[in-house]
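Two complexes come next, and they have one chain in common, chain A, joined by chain B in the first and chain C in the second.
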Partner chain A sequence: MNWDAWLPVLVVASSLLPGLVIFFLREGSHRLRTALNLAGAILKLLLVGILIWGVFHEHVYESRWTLAPGLDLVLHADTLSVLFVTLSTVLWLVTTIYAIGYLENAPHRSRFFGFFSLCVSATVGLALAGNLFTFVIFFELLTLVTYPLVAHRGTPEAVRGARIYLTYTLGGGMLLLIGTVWLHVLAGPTAFVEGGTLGSLPAEYHPQLKMIFLLLIMGLGVKAALVPLHGWLPHAMVAPAPVSALLHAVAVVKAGAFGIVRVVYDVYGVNFADQLGLLTGLGIAAAVTIVYGSVMALLQDNLKKRLAYSTVSQVSYIALGTAILGPIGTIGGIVHLVHQGIMKITLFFAAGNYAETLGIHKVSEMNGVGRRMPATTLAFSVAALGMIGVPPVAGFVSKWYLGLGALEAGMAAWVMPVLIASSVLNAAYFLPVLYRAWFREPGPAWPAEHIPAARFETSATLLWPPVVTAMLALAAGLFAAAPYSPLEWATLIAHREYGL
Partner chain B sequence: MTDAMIGLVALPLAGALATLLLPRSATAVAIGTGLAITVAAGLLLFGVATQGALHYEIGGWSAGLGIALRADGLSALLLLMTALVMLAASVYASAYFSTVSERARFWPLWLLLWTSLNALLLSGDLFNLYVTLELLGLSAVALASLGGKRAAVAAALRYLLVGLLGSMMFLAGVGLIYAGYGTLDLAQLALAIGAGPVAWTALALMTAGLLLKTALFPLHFWLPPAHASASAPVSAVLSALVVKAAFYLVLRLWLDVFANVVTPAAADLLGVLGAGAVLWGSWRALQAERLKLLAAWSTVAQLGYLFLFFPLLLALPPGPARELAAGGLVMLALTHGFAKASLFLAIGIIQQRCGHDTIRELDGTAQRLPATTFAIALAGVALIGLPPSGAFLGKWQLLAGAVATGQWVWLVVTAIGSLLAAAYIVRVLGHAFGHRPYPNLPVSVAREEWPALLLAAMAALVLGLAGAPVWGLLEIGT
Partner chain C sequence: MNSFLLLLVWLLPLALALLAGQRYASWITVIAPLPALLAAAAVPVGSSVSLPWLLLGVELGLDDTGRVFLLFSGLLWLVASLYAAGSLTSDHMATRFRIFFLLAMAGNLGLIVAQDAVSFYLGFTLMGLAAYGLIAHPASQHARRAARRYLVWTIAGEMLLFVAVVMLAAQHSGVVSFSVLQSSPPGGFVMPLLLIGFGIKLALPGLHLWLPQAYAVTPTAAVAVLSGAMIKAGLLGWLRFLPPGDAALVNWGQALLVAGITGICFGAIAGLLQRTPRLLLGYSSISKMGVLTTGMGAALAWPEMAPVIIVAVVIYAAHHALVKGALFLGLGLVERDGLRPWVQAGLVFLALSLAGSPLTSGAFAKSVLTASLPQGAEYLLFFLATSAFATTLLMARFLFLVWKQRGSKMSPLPAESRIAWLMLLAIIAVFPFAIAEAGQLMANVIPVFLGILLSALVLLAAGRFPVRVTSRSRRPATGGLVLQCGLAIRDLHCRGTLVIETVRSASRNCYARVRRSVEQLLLQLCRSSDADIRWQLAGGLWLFIGGLLLTGLIFSI
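Right, the complex of A and B next:
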C-alpha cells in the first residue's frame, strides 16, 4: 500500500465512513453512535498529526482518481490545506462533544450526526482539494449535506431558512461552476500550485481571466458572505447551536473564504492577480463587508443574529488580507482563518449554553448572567475581546499583521480606517454585552431555566467545549511565536507562496 | 459473445410467453428472466469492451434480407442500463402488485416491453428499427392503461395515437430511404447517403416522428398525463427508458447514419427546442401539485438537455473535444435513466403509504419514510446535476462545449434549468423535512425501498465516481 497516496483519502474517510454507518443506527443506540463519532474524530486528529509533520518536511501526499477524461479528483496536502484541515479536525472533535450534550434526548439524532460527519468530510475534502475541479465538487457537496442540518428542527422557520440558504448557495455554486468550466476550457486542468499558474497565459486571455475571476469570487463570496451576497446567513441562524457553530467557524463560511484564498494565491497567483488589477476590487468588497456587518451586528438584539452579522464582518478580514499584496498582509489574512474560527465557535457555544440552560436568546435578557454562569461567560468574554482585537487574544495578532501588511503595501490610507472603524464597532456591539453579563443585576427569573445549577453551571458536555476553545484562542495569541502555532504556520505558507 | 446478443432478445421473449402460460408463478419466472438478461447485458458490455463492436446475422442471412444484430459501445451501455433499471423495477413490481390477476396481466406485457427495448438497441437496419419501435410503443401503451382508471385509459389512448403517428412518419422516412438507396442497413447507408432532397426529406420525417415519441418540446403534450397516471413501475420505465429509446434513434441517425446530411442550422433548431423543453419543463415541474406530475415534467426538461448537445457536437471538430461532449451526452442520458426510475419508484411508495402524492401535504415524510426520502434526495441530486452524480460530469461537458464553441446561450439555459431543478426538488424536500407528528410508523417494504435506493445510488454516486470508462466505451463504434 502506498501510504503517501492513501493518507489524504484516509483523512476524508475517517469521518465519512462513521457518518454513513451512523445513518443506519437506531435512535436508541446512543453509546454506539457516540463511540463511532469520537473514534472517527480522534482517528482523524491522529492522521492529521502525521500530515502536519509530513508537509512541514516537504513530503508530498497526493491521491488521484479519474472521473472523466481530463477531469481528475485530486486530494493533495500542502501547507494551506493542512492549516484548514487541522482547524476543521480540532473544532469538529470539540463540536461533536458539544453536540452530544446539546442534543441529549432530542429526536432524529442519527440523521443529525450522520450529516454532521458528512459535513466535516466535505470540508476536509475541500481543504485537501488539489485542483479547482475537486474543490468545486466538495464545495457543492458541502452545500448539500448542510441543508438537512439547517432544516433539522423541521419548524416552518427552519425549513424556510434552509430554503433561503440553499437558494443562495446553489446559485453561487452555479457561478463558481461556470467560472471553473470556462477556466478549464481556457487553461486546462487548474491544479493548485503555490504562486499560481495562470500568469503564463498569453495576454489576449486577460479580459476573459478577469471575467472568470469575477465569476469565481462571486460564487465563493456567497458562502463567504461577502456583501451583498450574505443574505442567507442571518436566516440560517435557525439551525441548532452546534450547527451554527460549525457553519460559522469551520464549514460553510470558512469554505468560501478559503476558496478565495486558493483562487488568488494558487490559481491566479497574487502577483498576477494584482497585475490584472483584481485585488483592489476584492479589497473594496471586503472592506464594505467588514463595516456593513459590524453596523448590522450593532442593531441586533437576538444574540445569535448579532454573532451572525459579526461573522459576516470578521470573515472578510481573510479576504482583506488576501487583497493586501505582500507577505505580511497574507499572513494576517490566513492566520485569521484559524483565529476567527476558534473565537467564533467559542461565542456560539456560549450562546448555545445560555439558550439551553436559561432560555436566553436576546442580549437584553443577559443581565447578570455572569454570576449564574461564570465559566461560560468568561469564555464568551475572552472570545469577544479577541474579536475586538484586545491583546493577548488571537484576534489581536490577526489585526496587527493586517495593519502592518497594509502599511508595507502602501494601502494604509484606506485599510487602516477600515480596521479602526471595525474595531470600534466590534467594541460597540460586544462590550455592552459583557457589561450586562458581568455588572448588571439579574432579573427576578431567567426566561426558561432548563438545566438547574448543580456541580457545574450547566451540563459538563456543554461547559467544557467553550472553555477549551477560549483557552485555545488565548494560547494562539500568547504563544503566537511558538513553533507550529497558527501564526508560524501562516508565515510558512506566506513564505512558500511568495517563494521566499 | 454473440450468444449474449441473442439471449438479450430471446430471454425476455421466452419469459413473456412463460409468464403468460404460468400465471401463478409469473413473478418468479419474471425475476429469474430479469436476472438472466442482466447477466447477458453485462457479458455483452464486457465483450464489446474487449473485442470491439459485435455483429451477428440471424440464420446466416446477410443484411438486406435477414435480420442482423449489432452492438457497439453506445448500445451496450444502454442495454446494461435498461437491464439494471428493468430488473430493479421488476423486484419493486413484485411487491407493488398485490393480487394474482394484476400480476398475470402485468408480467407478459412487461417482458414484451423489455424484448422490444433490447431488440431496438440491437437492431442494425431501419426496417427492424421501425418494427421494434412499433412493438415498444404498443407494449408501453398497454402497460400504461393497466391501472384501469379513467384518466389512465384516456391518457393511454392519447399516448397510443401519438405513438402511431410517430411510427408512421418514421416509416414514411424509411420508405423514402429504401426507394432512394435500395438498402436499409445502417452501416451501408452511412457510406451511401449524401446530402440531397431525398436524404433531407427522409431525415426530417424520421426525426419528426422520433421527436414526437421522445416528447421533445413542443411535442411533449402527451407525456405528463401518460407518465403521471400509470402505475409506479410502469411510469419509471416509460420515463427512464422508453422515451430514451426514441432519443437513441435520433442520436444514431444524426451522428452516424446521416452525418453527411445534417447541417449546423438543423442542429441549432434541435438545440432551440431542447432549450424550450428545459425551461418550460422545469417551470411546469416547479408548478406541479402532485409528485408524479413533477417527475413527468422533469422528464420533459431532462430530455431537453440531451438535445442541447446537438449544436455543440456539430460545431466541435471531430476529435477529442467532440468525443468528450458525446460522452457527456451519454452520461447525462444514463444518469437520468437511473435517477428518474428511482424517483418514480419512490413516489410510488409514498403514494401507497400516504394514499396520495400531493406535494403540499407531504410534511413529515422524512420521519416516516426515511429511506424513501433519501432515495428522492439522491435522485434529486442527479436531476439537478450536482456532484458526485453522473449528471454533473455530463453537464460539465455541456458547459465546456458551450464555452469552447462560443455558444453561450446553451450555457445560460443549462444554468437556469439546473437552478429550476434545484427549486422543484427542494420544494419536495422542504415539505418532507417539515414537522408533523405521526403516532405509528408505517411498515417499510424492503423489496420496494431497496430498488429505489440502489437506482438513485447508481445515478448519484456510481456513475459520477466510477463513470470514466463510459468515454472509452463510446469510442468503440460500429
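Right, the complex of A and C next:
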C-alpha cells in the first residue's frame, strides 16, 4: 500500500491510537493526556488538510481490506466524506480544549478522554466509509463508545439517560443492519458511488428496495432524531456539556443525518429515489420533525433540553434538503450539515459555560447574564440568530438554498411554509432567551457561582471555544461565496452528484 | 477610493460597535455616519463595487436615489449621534444603547448602498432587529411591551420579505442583483409579499400597530432616526424591488393608492385623538407615510410618469425625514430641559414645515409632488391638500400638547444636544432655498391657512365649553383608535349638550340669564385648578368642526 492508501487510515488512527493510550494513563498525568489529545487533534487537522487538497484535485485516496469474498472494509475519501471529516476534526479540536477546561479536577478523566477519542475515530471512520458495510460497522461502534460518555457522571439520571440512548440506538442499528444485509443479498456489495448504483436493478426489485429504504432510514433516523424516533435525545442531555456539544453537532445526531445523505445520494441515487417515490416520504418526515422539534423546544425551561429539541428540529433541515430534488436543495441540505454543527456546538458550549460558571441550568435563571458573561452570551446570540436564519450568520445560507431549491423543484408550496414556521418558532424560543440575557436586570445572586469573574468572565479554556465557533458560524455565512467555504464545498458535492 | 468609501459605509459603524464599551466611547457614534455623508458628497453616481466572495455575492453602488437617501439618512444619524453623545452617561446601559445604535446605523446606511437583494435584506434585518434594542432600552414594563410588539411585526415582515426575495431569486435563476431584478415584473405571490413586507416598516394602515407605542417609549435620539431614517427603508425597498414604469403593475399601483389615501386620513384622524405629543407624532408619521405610499402608487399606476414621480417621492421622503427627526429631538429637549422660548420657536417652525406652509421645505416637497402627478390623477391633489390641512391641525395640537406638557427642568441636556438640534434646524430652513426654483415654495397657502384658522377657532371654542371630567371618566393617555373614538364621541356628546344649552339660554335673550351663565362660566374658570374641570382640546370637537371646514376646503380647490 502506498501513501494514497494509507492517508484515510492515518486520519482515523490519529485519534484512535491516542485514545487507546489515554485509557492506560494514570488519572493524575494531566499534562501527558492533554499533550496526547492535542497532538492527535492537530495531526488529524494536518492530514485532513492534505485530504481536502487532494480530493479537490480529484485525487483518489482509498484503503481496502477484503474480509471475505464480496465483503470489503473500505475507507475512501470523496467530497462528501471530506466535508464531514473536516467538520469533525475542527470541532473535535475545539471540543477537546473545552473538555480539558470543563473537566478540570473531575474524576475519571482518562476514561472520559479515551472514549472521547474513540467517539471521534468512529465518526471519522463512518465519514470515510467507502461502502455500506463499513459504514454500518463504524455506526455501531459509535453507539458503543458514546454510551460511557453519556453515562459519565454516574448519577442515576445519567445512567438512565444513557440506557435509553443505548436502547434506541441499538434498536436503530438493528434495523440498519437488517436493511444492509437485505440489500447485500439483493444487489451485492454496495459501494458509495456518486449518483448511486441501484438504479440499474430490474424493476421487479423495486418493492423490495422501497422496504429496504424504509429500514435504512428508520435505522439512521433514530440517530438523526427523526420524529417519532427522537425520544432518546432529550434524555441524553444529562451528559457533560462537551459530550452534548459533540453529540449534537458532530458525532451521533449528525452521523444519522450523514447516513441519510449517503443512502439517498450514493446508494440509491437521488433521481432513482425520486422515481421510487421515496423522497416525498422522507420530506414529510423531515417537515413534521422540524415543526415538532421547534414546538417542543418552545415548551422547555431547561436550557440544554431546549437546545436538544432545537437539534431535533434543525438536523431535519438536512433530511429536508435531501428530499428536495435538484442541486440547489442538495446544497442547502449538505451545507447545513456543517452550519448546524458549528452553530449548535456554540450553543452547547455557552450553555455549559453558564452551568459551570454560574450554576445556571434554566432559561428562567438567565436574567442579566449578558452583563456578567458578555463574550459567552455574544457567542450564544450569534449562534441563536443563525439558527433563526438571520443573515449573515451561517443558518441564513442554509435557509436560502433550501428555499431556492424547493422553488426550483416545485415543492415550495409545502417546504416554504415549513421553513417560515421553523424560523418563527426558532425566533420564539431563542429571542426570549436573548432578551433575558441582555435586557433583564440580574437577580441578587447567581444560582451557584463556581468560577468568579477575574481577567475573563470564566476560565479561558471554557471561554475561547464558543467564541471561536461563533466566529466560524459568522464567517461561514459572511464568506459563503468565498473559495473553500462550506457552501463552495457543498456546491462541489452537488455538482459531482448530479454530474454537472 | 470610491469603492472603499462605499464599503466603509457598512464597515465603520460595525467596527465601532466593537469599541462601544470603551471609556471614551461616547463620541464614537458621531464618527460612524461620516463615511455615508462623505460617500453621498464625493462618490460619483454610478460607482459600484462587487464583492463576489462576500455572503452570496455582494454588490454595492450609488445611484441618484441612493445618494439622496444616503444624504438625509446620514445627516439624521449624525445629528442623532451628536444628540446622544451628550445625553448618554457611561454605564453598561449606555454601552448597550450605543451598540444597538451603531448596528441599526450600519444596517440602515448599508442597505442604501446595497445593489443586490441579499445585502439589502441583510441591512434591513440588521436595522430591524437592532432597533428592537433601542425601543426596549428603557427598563419599563411599557417599553418591554412596545418592543415586543415591534419585534413581532418586524419578524413577520422579515419572513415575508425572505420568501419574496427567494422567489425573486428563483425567478431570475439565482441572480439577485437589482439591475437584473428590475428587468421584469415580480411574478405571482411576490408583489403582495413585497408590499406587505415593506408596508410593515412603512406603517401602512392595519400594519401600523407597532408604531405609536414604539415611538412613545424609545429614547429621543433613537426615535429621531427611527421615525426619520429607518422608516424610509420601507420606501427604498419598494423603489429597489419594483421595476419602475412597468405596465404590468398598474393594478398594484391602484391598490397602493387606496392604502396610501387610507393612511393619510387614518393617521390624521387618529393623531388628532392622541393626548401625548409622541403618540401624536407617531400617527402623523402614519399619515405622512400615506403620502409617500400614494406617491409610490401613482408611480406604479402611471408607468410612463414613474421616473418623475419617484424623484418627487424621494424629495418628499427627505423632507419628512429631516423634519420629523427634528421634531422628535426638539420634543426631547422639552422633555429634559423644559420649554424654553427658542425651543418653542424652533418647534413652531418645524410644525409649519411639516404642515407644508409656504417658504418651508414642506411647501417645496409638496409642490414637486403635485407637479409630478400626471393627467387623470387630479383627485390626488385633493388628498394632498387634505393632508396639508390635517397636518396643520395635527401640528397645532402637537404644539398645544407640548405647551401643556412642558415639564419642570429634570435633567438639563448638555450643549452638544442643543447644538445638534439647531444644526438640523438650520439645514431644514436653508435647503429648500438652495434647490427650489421660484414658485415652488409657495404651495399649500389655502390648506395651511384654513388649518391655522380652524385651530384658533377650536382653541377658543374649547376654552368656551370645557368638559367636566370626573375621575371615573378620565381618559387613558394611550390607546387604540377605537377606544379613543369612543371617548371622543362621549366628549362630543358632553360638549354638544353644553353648546345646545348655551344656545337655548341665549335665544331667550334674557339678559339676566346670560349674565348668570357667564358668571357660572367664570366660576368654572376659577375652579379649573381643582382638576375637576379640564381645559383641553378634545378630539371630538376637532372632528366636528374639522368636517365642516373640510367641506369648505373641497370647494376652495
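Everything that follows uses one rule, which is that the second predicted complex is superposed on the first by the 499 of 500 C-alpha atoms of A that agree within 3 Å, B and C clash if a C-alpha of one lies under 4 Å from a C-alpha of the other, contacts with A are read in each partner's own complex, and residues count from 1 in each chain.
As a convention for this text, a residue touches a chain if its C-beta (ideal position, glycine included) is under 8 Å from a C-beta of that chain, and two chains touch if they have at least 3 such contacts.
Predicted, not measured: the structure shown is a model, and the values here were computed from it.
Engineer: Look at A:181 in the shared chain and tell me whether it touches chain B only, chain C only, both, or neither; answer first, second, both or neither.
Structural biologist: It touches chain B, and chain C stays clear.
Engineer: Is A:479 in contact with chain B, with chain C, with both, or with neither (first, second, both, neither)?
Structural biologist: In the superposition, A:479 touches chain C alone.
Engineer: Where does A:275 make contact in the superposed view: on chain B (first), on chain C (second), on both, or on neither?
Structural biologist: A:275 contacts neither chain B nor chain C.
Engineer: Between chain B (first) and chain C (second), which does A:404 come into contact with in this model arrangement: first, second, both, or neither?
Structural biologist: Touch status of A:404: second partner only.
Engineer: May I ask you to decide whether A:144 touches chain B, chain C, both, or neither, giving the answer as first, second, both or neither?
Structural biologist: First partner only, chain B.
Engineer: Which partner does A:171 reach: the first (chain B), the second (chain C), both, or neither?
Structural biologist: First partner only.
Engineer: Which part of chain A faces chain B closely enough to touch in the complex?
Structural biologist: Interface residues on chain A, with respect to chain B: 65-71, 73, 107-108, 111, 136-137, 140-141, 143-144, 147-148, 151, 153-156, 159, 162-163, 166-167, 170-171, 173-174, 177-178, 181-182, 184-185.
Engineer: What part of chain A is in contact with chain C in the complex they form?
Structural biologist: Of all residues in chain A, those touching chain C are 328, 371, 385, 389-392, 397, 399-400, 403-404, 407-408, 412, 416, 420, 423-424, 427, 431, 435, 438-439, 441, 477-483.
Engineer: Per the contact definition, I'd like the list of chain B residues that touch chain A in the complex.
Structural biologist: So the residues of chain B in touch with chain A come to 320, 324, 327-328, 331, 366-367, 370, 381, 384, 386-388, 392-393, 396-397, 399-400, 403-404, 411, 415, 418-419, 422-423, 426, 429-430, 433-435, 464-465, 467-468, 471.
Engineer: Of all residues in chain C, which touch chain A in the complex?
Structural biologist: Touch residues, chain C against chain A: 52-57, 92, 96, 118, 121-122, 125-126, 129, 133, 136, 139, 144, 151, 155, 158-159, 162-163, 166-167, 169-170, 174.
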